[in-house]
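The following pair of complexes shares a single chain, subunit A, combined with subunit B in the former and subunit C in the latter.
Take a look at the complex of A and B:
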């Protein structure tokens, strides 16, 4: 494990953050805890809490339909912004999520 | 009795082929009727029997138990930290985060997810796939017939049903509806009658969101348009309280009984003020009181509803109020006696405060409201109809509905369409009137329930209408597009209609006045003439009578004169004859008499 890799992950997140309209990026670990967040603490907690239940339900829906399938990405389009939730499981069955909130005019 | 007939056949003829042939009928047995048996029976004549051709059916009903749902929220708090990390300690959390970030899995996953995420974001930035292409499409809903559908029904959850006396929409988005419940019939409410009024979430008819627990049942209530957490409510005993929904079911403050109204408070409205805490209320005790909810110890101002102190010093009972924020000093009161009083709060003397009254209803005025687009025109609801008035014309309304079979109980204008208003009736119907479409009958009449409707309120967007019934059922109706989208040129045509009707009434009024004046002057003249004639004829009669009288007297006098003359002459003759022959005297006398008679006959001629 090299330090360049760590910074590489940070770079990716930074790049995402600098795209047009992106209001915030949150990384969540399997314990529903924010590893990284560009939002303030209370907003982060709120987003994580909501996203957790939503992804769980969405995933169960997808798997109920086809057990071989899995949820790849969840895009919640609202009137003001889009919440993009990307969940992923590691080999040791720990889940990470990246949540991005993108505003548009 | 058994009839037996024995066939005999020889054994050797068994199985032999039959040989059929014709033969005469022969009697085998004869059973004569037994008269005695008839005695055992009773003859039935006529005899009826029911015959059913169709299949027999039966109907059963089954209602499953209602499933009650309840919504609950979850408050998410920060968590998920390992035991040895104190989330309050910034250093510890940073250290923990750094540790996670160094995890190989983490890096891999971020790389994976990052690309996916970036892809999505770039997609969003490249093209807006949800773009609305046609922003200003005017939906033409004029073609479809007006309709309304029931969205939800909120029932009074208590055993003893009470009347939904007033409604108020939550001012911020109209997601909630506050309903006051009380029994208004005289002495009908008993000690076990519940006092609570409720705030309902319009999505959930199962359970009220909040119960308001007053000391006396609420008759009216109103949300503060500036602060949606605050409500004022008037009680049956005349007290006024204010609630803060954040502080729970109990009133924050209540006015003292001795300073409150003496009758049920029928209406309260928040005033336009800087603080947003001022309001005013009315009651059938004939008072209008102004309050500041920050200090409900005593009213800030009061007014007794006596429009004509000289003619009738008794105050009129207030039933409804109207207040237009654009005219902050003016307000209107609908009274129990059927008149609408236009008042000015800022007038110097109490008698000047009541500017004028509009009296044409035969019963209490249950609702007064200015047209939201043309504040000079207002609607009043009472007795069997609704009336539209112009502020300039005090003698007569400019437009009115036909008299209905049942009593009208409430009404209000549509906030979005100037020509539309709603009324509720005792027979449980809501009428929607579109005066541009037709004036004689309601455009839409909806039978909401079987019992009387008592209150009505339209939500600010004009699409949702809530109406409360006598038994405490609040029905939420959604109107069709045609009834809640303003139509092309509607404002100008409504304005033209109001102006035309005002003009018509004005002309009628002036004509009426002229006719009255004319009639009055005419009747005055006639009176004078008659008096003169009377005087003249009297004089004439007197003269005539006098003349007659004198004529008679004169005639009598003449007759008397001639008679006296005759007597005198006859006496003279008698003296002469007494000296001469008796016969001669007789003859002479006869002659004289004849002469006299001639003279008498001639004398009038002389």
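Take a look at the complex of A and C:
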């Protein structure tokens, strides 16, 4: 199934959420607020804060090496889980993010 | 925090764009074998041994020596016993049992977190192997105390008292006793003294007095005639200076004596003995085998945690590695560092051990690398005072503590070489344990 079939944001998130091992998905809008989250409030806020710092650092690193390049996906491996961050910066410098937390079996 | 807004077309666009990428990454992550079998070493690796802390209790004004150290089972708290070894007559020292919690953010190196005043020199201490707040102390005047350092006030929970049924000489070692094979699951207390007695006590919930369960006496009779150094009478008592239990057989222990004797003993011994002092409980002679003796006092014995028969002894200026099944030592080392006061096996590497020396050094031996010389020499006292005790941390394998004659305790962080298990370590230990049949 191609992604264009999903017309609704909720549906897309559902699919990510039901992927193997995924514990939670968070969508962050340009004001660093979560628009959708399947985690509880405090965890959501924690992940958003962490993701923001990490993406800012990683992006500046990527850009420093090559100004034409940009950060596409950031994967953080921890002892218990893998955190996948997909950031996107729009032309007018606003940033959206999808954060998915995946536990290993 | 979650803002429920109408899905803006912008957001939907974004989601549609990143969705395939996120799904692809999630897929990759579940299928990835990149980290299979990968174990992170969370400690930074280093080649040098660092002194992390130098602890002293300023209130004691360097008048007392560190006689014994004990780590609690969590590995965070270090207890230090203060006393003196050079008594000419009665002990009139005001002594202390001090504890430091190394996890505390505001660690004060000059003042202990807790200092318990004890009216006589403390000669030996031992934390309970499971309950982190219970600690035993044995004193110069022969009393055994049990403290609960978790309590706000009145930390003393039991004592043996001095007098009938107790030690009449300084206590040389106290320890907790647990024999998983016995029916009694409760921990008992064992104390050994210069009066040749090894007593077993029970802690009761209701009473502040330790209850004497049984006793052992080590007598000259236990030593075969050809191994006797002195011409003492057969029933004269042999002062016990140190004990160490076998790690596999919890009824077997090794004892060292003031006269240089090294004995294999059993808590199941049935040979009855007589002691003038102890009338209320049965008294046995614990000795089952006598090893080739030293010509001076034994200061320390330590059974190997990785081999059922090997144990180390430190006495006068000589280290010996004995096999429990053999009269003569398997290995003798003379470090020429003055008297050797303490020897301890590493918990993690079977061939590594630490020795506390009279010249202020702590020697670390690695029998795989060198059987004659230490692989590392630590400066346990900058002013050359003796090191009386050294203890590995049983749960934090990188830590070693040493205590010196000026009342200072140093906590060392060992390097990977001395800590991480190496292939063939066990083989080398086995080869040292091979019996020599003459």
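List of remarks:
The rule is simple: the second predicted complex is superposed on the first by the 96 of 105 C-alpha atoms of A that agree within 3 Å, B and C clash if a C-alpha of one lies under 4 Å from a C-alpha of the other, contacts with A are read in each partner's own complex, and residues count from 1 in each chain.
We take it that a contact is a pair of C-beta atoms (placed from the backbone, for glycine too) under 8 Å apart; a residue touches a chain by one contact, two chains touch by 3 or more.
Everything numeric in this text was worked out from a predicted model, so none of it was measured.
Once the complexes are laid over each other on subunit A, subunit B and subunit C cannot both fit and instead clash. Judged by the touch definition given at the top, the superposed model places A:92 against subunit B, while subunit C stays out of reach. Of the two partner chains, both subunit B and subunit C are touched by A:35. By the touch criterion defined above, A:70 lies against neither subunit B nor subunit C after alignment on the C-alpha atoms of chain A.
With both structures placed on the common chain, the touch criterion links A:79 to subunit C but leaves subunit B unconnected.
Contacts of A:14 after superposition on the shared chain: neither subunit B nor subunit C is touched. With both structures placed on the common chain, the touch criterion links A:46 to subunit B but leaves subunit C unconnected. After overlaying the two complexes on the shared chain, residue contacts for A:102 are found with subunit B and with subunit C alike.
Once both structures are placed on chain A, subunit A residues 6, 8-10, 12-13, 15-16, 19-22, 27, 29, 33, 35-36, 41, 45, 48, 72-73, 75, 77, 82, 84, 86, 88, 90, 96, 98, 100, 102 are touched by subunit B and, in the other complex, by subunit C. Residues 1-5, 7, 10-12, 14-23, 25-27, 29-30, 35, 40 of subunit C are the ones touching subunit A in the complex. If you check the complex, the residues on subunit A that touch subunit B are 1, 5-6, 8-10, 12-13, 15-16, 19-22, 25, 27, 29, 31-33, 35-36, 41, 45-46, 48-50, 72-73, 75, 77, 82, 84, 86, 88, 90-92, 94, 96-98, 100, 102, 104. Of all the residues in subunit B, the ones that touch subunit A in their complex are 74, 76-82, 97, 100-102, 104-118, 120-122, 124-125, 128, 130. Note for the complex: subunit A touches subunit C at residues 3-4, 6, 8-10, 12-13, 15-16, 19-22, 27, 29, 33-37, 41, 44-45, 48, 72-73, 75, 77, 79, 82, 84, 86, 88, 90, 96, 98, 100, 102.
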